[in-house]
Amino acid sequence: MRAPAILFLLCGSLSGAAAVDSCVTCHSALEEGTKGPATLIKNDVHIAHGLSCADCHGGDRTSTDPEVSMSKAKGFKGKPARTAIPAFCASCHSNPDFMRRYAPRERVDQLDLYKTSIHGKKLAAGDANVATCVDCHSVHDIRPVRDTLSPVHPLRVAETCSRCHSDKAKMAPYKIPTNQFAEYRTSVHWEAMTKRSDLSAPSCASCHGNHGAKPPQVESVAEVCGTCHVLYEQLYGRSVHKPIFSVAGGGGGCVVCHSSHGIQYPNTKMLVGSTSVCAGCHEAGTPQSNTAAQMAGWIDGLGAAIKQSETVLATAESSGMEVSEAQVRLIDGRENLVKSRLALHSMKPEELRVPIDAGMAIARETLQAGQASLRERDNRRYGLGVSVVLIAIAILAIRSLIRRIESNPSN
Amino acid sequence: MVRDLMDHKVVPVHAGTAWYYFGGITLFLVGVQLFTGVLLLLYYRPTVAEAFDSVRFIMTRVQFGWLIRSIHSWSANLLILSAFIHMFSVAFTHAFRRPRELTWLSGILLLGLMLGFGFSGYLLPWNQISYFATKVGTDVAATTPFAGPAIARFLRGGEDVGAATLTRFFDFHVLILPLITFALIGLHLALVQKNGMSTPSGVPPSKLAQMKFFPNFLLRELMVWYGVLAVLGTLAAVFPWELGEKADPFASAPAGIRPEWYFLAQFYTLKLIPSHVWIFEGEILGLLGFGALAAIWALLPFWAVERYGASRTRLANGVGVFLVFYLFVFTLLGYFK
Amino acid sequence: MQGTSSAQPGSQDRRTAISWLLGGGVAASLASFFYPVIRFLNPPQITEASVNEVAAGKVQDLKPNSGKIVKFGNKPALLVRINDTEWKAFSAVCTHLNCTVQYQEGRREIWCACHNGTYDLNGRVTSGPPPRPLDEFAVKIRGDEVVISRRA
């Protein structure tokens, strides 16, 4: 009973002053427990827009009398139950007229999306352990998404999801694996995000959705990847694999070969050898397996040819020869290598030959330029050698002339 | 008169005769620079938009352009090295003493002009290194007490290094400096002919063997010049001068940007001096220090001669040794730090 | 005249032969200096060194609402003919991960195939991952030649 008494005294002593937000003023003076939010809200976007605790929790912010400021008559809701949190937030965030005052372009369908999500469905069935708004967006110190310290900033989303989804104990009842974040951290997308700060790199929400979070179904995996990797999706879409991978039990589009979370830089080892993904379905010796080997061979061949050109040109350059034109041409060669890796998704060798042939032509051209450059360098050194020899002869000639003159004292 | 000269000019033969070659080597390299420079002028375009590309054109498309350009760049460095050796050999043999004071002074001025050639020529390819080295160099010039900012504005043709600077440096390099240099070389050589070759002090010239300049010494000089040419050709063919990347004023300066080696000692010294020493700005102190050292050195003929006693000449040698040591060590430090 | 060496006729011949050899060496060394200089004086076939301006073909070669890739300096450039009279040119290097962009006639926009980045006809990013707009170049029509150059 002492706490409310102290509260009363403290708040009473502050009456008379024009307290803008009595919630903050009083709660800041408290011990740990209910003090926490009062400190956290310093960083909150709602407070920054002039809202107060009372705008969410109800009550009267102008009164320093706790009986008044926290009275049910004034609409005080207190701390909502976990299952009631989405509706709590949505009381403003799903109200277009209200949101228009503060952020006219912001979406107002988060609750609708949430209701379709796995989290939303389970929450509606009474499971309070799933994620609600505050689990991802934090509470009381909610920062805008573009704030790098926000748990839902693009660079931090994966970390936030992993707080639950990498927790074996939490995921056990749902029988969901917990290795996704660990796998994702080995992926090219994670590297793009962390090493290059590429905000466009996909993380969990990019493929699974954020408010409407749900893993894409097998028939739509390719579409999801295709939001960025357009051409790959198109080629795959007309390849023999699509109807097979997109049905139940088919594995799910791109994921079949490229995995879902731990996506690595692709290379020809995915086509042949011990790490071949083709071998998962196609036995050795079958036409498909042979095609895979053939395509891998072509791509490796082009890669090797380009590497050879690169090496020769680098040698020429480091010996002082000017080979920038050939080096620029080689950029086109590398693009053809990329295009060839794209073309193989059609699973049609004749389509792959186009960029392979173009790339090989460029590799040949640049190799010849590099070798010509090295020959020219050798010619120059040879020419220099000749000049030095001639100069040495000239020096000897002068020396013998000097001797001849000086051995004859009458000169 | 020339006939007369050819008949009578002699070169004393003694232990230090070899040093006599360095004046000629320097002159030869000036000739090489003039010749290759005129050739380069056939293709070089002195504007910000085209300078770099014209040098690339010379290096890649013009027949033997790579050779002419690399020789020009290497010869510039050898020229300055040779000038320094010539100066120090004159200093240590006290050849600056009467009656050769004016020869010494004109030589000091010529060395300064050679450094000016090096500084102005360095900018002309308009690549990253040359742009930022010029920026650093003119910034240092701006810290000269009193006249500094005015000097920097004059050099740059404005507040920043830019198109105006390139035009100006081209004018300096191709016309103004050559005209002054030829006049001074003319004076320098005329004085040498008038006064003859200096001999080691304490040894009367009549006691030394003499070699006729024409043809004996001249033929020897030709041998040396041929040798220098061979060195230049080798350097140009085996270590071609790099093109670099086109200057981008908006990029940050390349890491570790520093001037060419002949400015490195001073550059490194200035880096070492703390930004403030008592009430004085460090850089100004540094520049004043260089100025004082240069003045002492230039005025050697007037204070370091036997007339004032042997201690003076020993002091002069000491200053010379210090200078060589300082330049050598600090150039190395500047290069590796 | 005092003899300088033995008067044997053989050695005299040898000395003459050596003299000729040495004289020839001097002449050859001089030739080896002047040969490169003479060739240097002869201007090469292509006289233009400039990469500030590139001829991008004839006006008739590109139809309205189409684009083509042109080499500009050591990077690709995209020339777009918007209609009969309007032309645009940009650096064709996508600002995301340096793939070469292309013109999309149907959508009248510039597109990068690698990660679906799109730019409008002012070079500004309209969707996708590219972080910066494309550098724009100036297009001039000289007679029936299209010329791309850097903007001042």
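Read from first to last, the chains carry the letters A, B and C; within each, the first residue is number 1.
Throughout what follows, a residue touches a chain if its C-beta (ideal position, glycine included) is under 8 Å from a C-beta of that chain, and two chains touch if they have at least 3 such contacts.
Not measured: the values here are computed from a predicted model.
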B-C or A-C, whichever has more C-beta pairs in contact: A-C
What is the chain whose Cα centre is as far as it gets from that of chain A? B
Need the central chain here, defined by C-alpha centroid distance to the all-chain C-alpha centroid. C
CA centre of chain A versus CA centre of chain B: separation in Å? 56
From the C-alpha centre of chain A to that of chain C, how far is it in Å? 37
At least two other chains touched by the same residue of chain C: list those residues. 29, 33
By residue number and range, which residues of chain A touch two or more other chains? 383, 387, 391, 394, 398, 401
Among the residues of chain B, which are close enough to touch at least two other chains? 56, 67, 226, 229
Touching chain C in the complex, chain A uses residues 198-201, 227-231, 324-325, 327-328, 335, 338, 383, 386-387, 390-391, 393-394, 396-398, 400-401, 404, 407-410
Note: in the complex, chain C contacts chain B through residues 29, 33, 36-37, 39-44, 46, 49-52
Where on chain A is chain B touching in the complex? 319-322, 380-381, 383-384, 387-388, 391-392, 394-395, 398-399, 401-402, 405-406
Which of the residues in chain B come into contact with chain A in the complex? 56, 59-60, 66-67, 215-216, 219-220, 222-223, 226-227, 229-230, 233-234, 236-240, 242-243
What does chain C use to touch chain A in their complex? 1-2, 4, 18-19, 21-23, 25-26, 28-29, 32-33, 71, 74-75, 96, 99-100, 113-116, 128-129, 131
